[in-house]
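This is the structure I have questions about; it appears just below.
Think of it as A, B, C, D and E in the order they're written, each chain with its own count starting at 1.
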Amino acid sequence: MHAGRHYPLKHVILWTRRETFAFAVIAAVPTVLYATGWSWITVPWLPIALIGTAVAFITGFKNNASYARLWEARQIWGGIVNTSRSFGVMACDYLLQEPGLCGPAVDLAAARDGLIARHIAWLTALRFQLREPRAWENIGLVHNAEYRRYYQIPERDNDYLGIELGKLLTPADCAAILGTKNPAAQLLAQQSHALRDLRERGFLSDYRHVALTDALVELYEHQGKCERIKNFPYPRQFATLNLLFVWLFIALVPLGLLQEFSKLGDGFVWLTIPAGVIVAWVFHTMDKIGESTENPFEGGPNDVPITAIARAIEVDLREMAGQKDLPPLLQPRGEILM
Amino acid sequence: MHAGRHYPLKHVILWTRRETFAFAVIAAVPTVLYATGWSWITVPWLPIALIGTAVAFITGFKNNASYARLWEARQIWGGIVNTSRSFGVMACDYLLQEPGLCGPAVDLAAARDGLIARHIAWLTALRFQLREPRAWENIGLVHNAEYRRYYQIPERDNDYLGIELGKLLTPADCAAILGTKNPAAQLLAQQSHALRDLRERGFLSDYRHVALTDALVELYEHQGKCERIKNFPYPRQFATLNLLFVWLFIALVPLGLLQEFSKLGDGFVWLTIPAGVIVAWVFHTMDKIGESTENPFEGGPNDVPITAIARAIEVDLREMAGQKDLPPLLQPRGEILM
Amino acid sequence: MHAGRHYPLKHVILWTRRETFAFAVIAAVPTVLYATGWSWITVPWLPIALIGTAVAFITGFKNNASYARLWEARQIWGGIVNTSRSFGVMACDYLLQEPGLCGPAVDLAAARDGLIARHIAWLTALRFQLREPRAWENIGLVHNAEYRRYYQIPERDNDYLGIELGKLLTPADCAAILGTKNPAAQLLAQQSHALRDLRERGFLSDYRHVALTDALVELYEHQGKCERIKNFPYPRQFATLNLLFVWLFIALVPLGLLQEFSKLGDGFVWLTIPAGVIVAWVFHTMDKIGESTENPFEGGPNDVPITAIARAIEVDLREMAGQKDLPPLLQPRGEILM
Amino acid sequence: MHAGRHYPLKHVILWTRRETFAFAVIAAVPTVLYATGWSWITVPWLPIALIGTAVAFITGFKNNASYARLWEARQIWGGIVNTSRSFGVMACDYLLQEPGLCGPAVDLAAARDGLIARHIAWLTALRFQLREPRAWENIGLVHNAEYRRYYQIPERDNDYLGIELGKLLTPADCAAILGTKNPAAQLLAQQSHALRDLRERGFLSDYRHVALTDALVELYEHQGKCERIKNFPYPRQFATLNLLFVWLFIALVPLGLLQEFSKLGDGFVWLTIPAGVIVAWVFHTMDKIGESTENPFEGGPNDVPITAIARAIEVDLREMAGQKDLPPLLQPRGEILM
Amino acid sequence: MHAGRHYPLKHVILWTRRETFAFAVIAAVPTVLYATGWSWITVPWLPIALIGTAVAFITGFKNNASYARLWEARQIWGGIVNTSRSFGVMACDYLLQEPGLCGPAVDLAAARDGLIARHIAWLTALRFQLREPRAWENIGLVHNAEYRRYYQIPERDNDYLGIELGKLLTPADCAAILGTKNPAAQLLAQQSHALRDLRERGFLSDYRHVALTDALVELYEHQGKCERIKNFPYPRQFATLNLLFVWLFIALVPLGLLQEFSKLGDGFVWLTIPAGVIVAWVFHTMDKIGESTENPFEGGPNDVPITAIARAIEVDLREMAGQKDLPPLLQPRGEILM
């Protein structure tokens, strides 16, 4: 997430410089041909404008969907914050020594801290899983790869899941989790087994046991929603359509401009080149911004800042449990917060 | 679901080649007539542009609705993932030997595994039911049938419901289920009878019995939502309107282009044919992509990948229950994941 | 609901023939006047195009709202399916002889079947209430009344509420219900009284009593949502605006076309008539399709198929309860499913 | 709510006659100036069309928001219907003489009727509060005030809150409620105190006590949502923008039309006046209809019919409780249902 | 929130005067150049109109998103009202002396008042946290800073969190809270500890304890949703795009107008300046209004009035608990309600 006012104009220009050059070539070729006598190489502007409107529609539609995906991703992580805090207060205040029940003694504070540590482990596993690459993601494209000089992706560049989990779980639990297909999902199952254990030892009534399990059910929902956005891209049939239409339009624009400028006089046709570049740049950049938004967990600068959110949750939960040596909140680097 | 970056251009061209030929004919006929002297066969472009805008509106509207149907379908299956995992942890940790109650002994692990196996049977029945054909679906159209060379539909091409259920249920349960009108719905009813049985034997308290039944209620909701999308098509009155308007527009476009090109000079009118094909192709393909998206369970390459999701759920649940010999996750074939 | 691929072109033409004739007259009058010398009776096309865009906006808006009403109606009935199935499994598996409580003996199977029969009675009353006429509905308009030759509305043409309820309820209950202002609402109240009775006889714990009542609460929600759509039309102020704008636009179009065609030469002005009819037909039909969609319970061919859904629920519930002589599922007649 | 097919054309004309006159003046002034020689007072149509498109966008946006506000208001009152019916059946069937508890005797039927009467009192207080005036509402504008001859607002014209509550509550309760800042909110608090009282006397278990309180929680939600729509207008910054843009556009239209008509010949410029009025009327009326919809509780003819809905709830609840002398349902007066 | 009918025209003009001057310069430069002979400095209008349409699309899209953010913020605070009232009635009526349990005596009224005071403290902390500045907010821009002469932001201008909390909490609690990273979140954790204490003293059953905790869970949800809107701006990649496109369009408009006006005659080109200013002003102001809406907690005049809502909640809750000396409701100052 960019955490400032705007991306600098310089970054935008650098980020779009490759295709801007292509637009110039696409506009220059017919212009030169026209100037050398192929005066038939023009098309009336009006049908092109109609195609332009159609392109604006589908690009608008795609940007809408991209924005919705990003915003939903942020909502889900908002939900993770909320359920985590709720789970935190329940872990603090639902473990009681029931008068009517008795079981082997257990240190309630240790049980509480264990639940909280395993919860943080779940957050850690989840953010590592969400930042794994997918075939349709754009972060590997040359203009995006180049931009990685301005920020870092903790889950790929610095940290390792095994080490992070090792700080939070017992070695046995950690090993068991790392061997599964979906570590985050199995961490919640471990959490559920721990609650059953507390129930059997008499520190949870049936009713509070179910209330705590309901929090786990909600966490599964949040995780599943994240996985849905991660694993189900903006439909590739629409993306293919967009790609084809935008470039078809960009190829047609200079032909239409040639005709409009040629009406003004012969010297004017050379204005086709800058004008064509501007129109192409507007439509293509509109599309490209949408594309850079549609995968909110790809490790790009427009990602939902899940590393920072996970850290903030950790601080809140440890503060609730009265722990002291809290890690610092994460700050943006170069205006990018991950 | 296409699991790559884009459909190849070659596929798009092949997939639209039949109507592209039709557009050429539709554009050629008035052009030839014009060239042979029927110079009155032109229409001013502006009213056609207005119809084009209206067509863009209703096509955009339809694509919006198609996308919403696809996305909702994916959300529902995301919900099935979540509720399945929740049901899994409850099946593992809610069956307890209550201190205050006593009933005949039962193997809790066997009861748990039975619940999980029946759940997987429900997933299986559901995906078979969702992939049955409907009158309004497009998968049988020639351009889509042809495309089936690139992928396979497990529920139609390889597997059989009876055999799949036979691996998961007792023969008596299996036979009873296969005789009903809606096997998936009756499998959940069987699940509910099993819970009642566990309740009566004293392994579930009233409270946990209701909590597990609530999970079944959620599964009924997911199933009902899938059936809603499966059985209630994009309203045929709107689909009829779209079909008529798009073709009416395609028929009018060459008449308008003739007039625009004839202004440039007589030789230019022949450009009507390529220009007409391009405009028609843009509007028709936009419509056709929507049509290929509106039925997310028809067995097409743009389907929600329900076979793969069901398999992933199976793996998660068996891993939770500590089972070992897990089946592999499904991978895309030719970039199509089913 | 139309359950095929498309409405036949012939039906569309017949269904719109009256206003098509009107459009021809509206376009012919100024054309003839123009041809007889009133050459001032033209208007520049551009302002008309702007009004056309505004009309396209508000018609698109209305079709959006109509579609949303239809889709919500179908969602509600999907919800009715889900809650009905859930209520069915609860009726089967929540009635137990509690160990700690005792009351007069009752046949649990009879209690279960009574709950299910009353539920089907509720479905029946609801669909009769939803298919009653309202002042703003379109089913009585001549083009729609004419179309009723292709299908039948069971709740109006063949069946009677009193007879249908008589098959499901005791004569006393039936008489009491038929005397109330809102039979469906009071049937759920009867259902609630029956649950209280079962609670007092000791076959329901407090907890399961509330769980079953919660299902009734959900059914009230579904019923209330249906009544909202039934009793609150698409706001008449917007509908009035649409009607005025569409016809104002239709009246202006020929004046603008006259000017455009007159630029091409004098003979061309007669093309105003077919062109005017086409433009008018496109905009008016777009509006009319929306109007035919906005009341999803009016008994039209685009209705939500509530008779068929209610029958499917009946079959599912009776199958759950192990009943045998099940009625058949309803099939479309002439591609219309009611 | 208008409960017929359409507002009569005559009403629309009368309702918009003032600004129509203004449009004529605005169009006439530049036309006359032009005719008297100020031929420079024209503007090319195309930039004006672009502004027109922008105006259509923001007006469409506003009408969207207005419709959403109206529809949400109706949904909330649909929710009030549903929760009221649920509360009704709970009031009937949740009050029991618990076997394990005992308290002082109380007439359960009287308790039930008291709960229902207080609920109706809440509905009454709520609809009076919602129909109080706000600074941004339009009902006081001259064209709307004039329209009040066609209908009546019960909460302002005929009834008084104190009298209505006096029929439903004890004098002490009534006096206490009328002294508070938010009578409806405090009525629900009274209802909660009554439930506590029933709980302490042993007629409600802990579990059913909470279930009934949950219904109150839902009623608070409905009330709060109504208050949100009542107290938070369509944002005035957007409304200001709309007002400025529509009138700016209306002022520019005649300048553009002058140029278009002057192309046709000198006599044609006088057509600027009717054409300008039509364009202005279309855009302004579109805006004005939205404005008349955006406050659904202002006491206008497009209000949600909360008086009628409240009455229907009263009838349903009293019928559930077996009461006889029911008041009649409210009917539209002059097609307006309040 | 502006609580009147419209912002005065004078305020709008003052608020936009700086950029209006810039538009005049941008339009004047090419006009003067043209007049001095650079007659090639024109561009055909049609491609500019297409860019204008694209700009209208993305601005409309942004305003949509801004409105959605504002409206969601208001919905969340509506939810805070609802949950607060519910929490209020539960604090009043759920604290009981259970017959089956016994613990040390406590003054139930004091416990109730303590819960309510801590709830008000939470509201206070939340509104202070929400009104802290963020890097992307607009309140510091010169035209907005200037506007602060018309209203005041209580959380920045007059009040201090420490003093406000000191009136509501014990000194120990207050000190503990002020030392944490997120005081509002920790206040709810304190509230939860207080409930645990009441549970252990026997004044809450397990069931009512969980019901009250569920209210805290809901409050965490409301807080988390507010923080999501506060901490996650309208995506800066889209905002950057908007900024660039609007200014690019503004720079191109005079070039297109020059060409249109030059067609009318040489003197007409000077009309480019006022016309260019008007078009630029319309598009830029549309964008700027959206920008002033997108951060609903920045302390601007279009904020959600959270100070006033928090006060209204305080009054309702104290009235429920029978307290007397209530503070007054807040009124708008200069039509701005904060």
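By our rule, a residue touches a chain if its C-beta (ideal position, glycine included) is under 8 Å from a C-beta of that chain, and two chains touch if they have at least 3 such contacts.
Predicted model, so just to flag it, every value in this text is computed and none were measured.
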Neighbouring chains shared between subunit A and subunit B, ordered by label: none
Geometric centre distance via CA averages, subunit D-subunit C, whole Å: 25
Geometric centre distance via CA averages, subunit E-subunit C, whole Å: 40
Subunit A residues counted as touching two or more neighbouring chains: 46, 49, 53, 207
Traversal of the chain ring from subunit A via subunit E: A, E, D, C, B
Residues of subunit D defined as touching subunit E within the complex: 40, 42-44, 46-47, 49-51, 53-54, 57-58, 61, 65, 101, 135-136, 180-182, 185-186, 188-189, 192-193, 195-196, 199-200, 206-207, 210, 213, 216-217, 220-221, 223-225, 227-228, 232-233, 235-241, 243-245, 248, 252, 259
Residues of subunit A that touch subunit E when the two form their complex: 1-7, 9, 12, 45-46, 49, 52-53, 56, 60, 63-64, 67, 70, 74-75, 78-79, 81-82, 85-86, 88-90, 92-94, 96, 99, 205, 207-208, 211, 253, 256-257, 260-261, 263-264, 267-268, 271, 275, 278-279, 282-283, 285-286, 289, 292-293, 302, 304, 315-316, 319-320, 326, 329
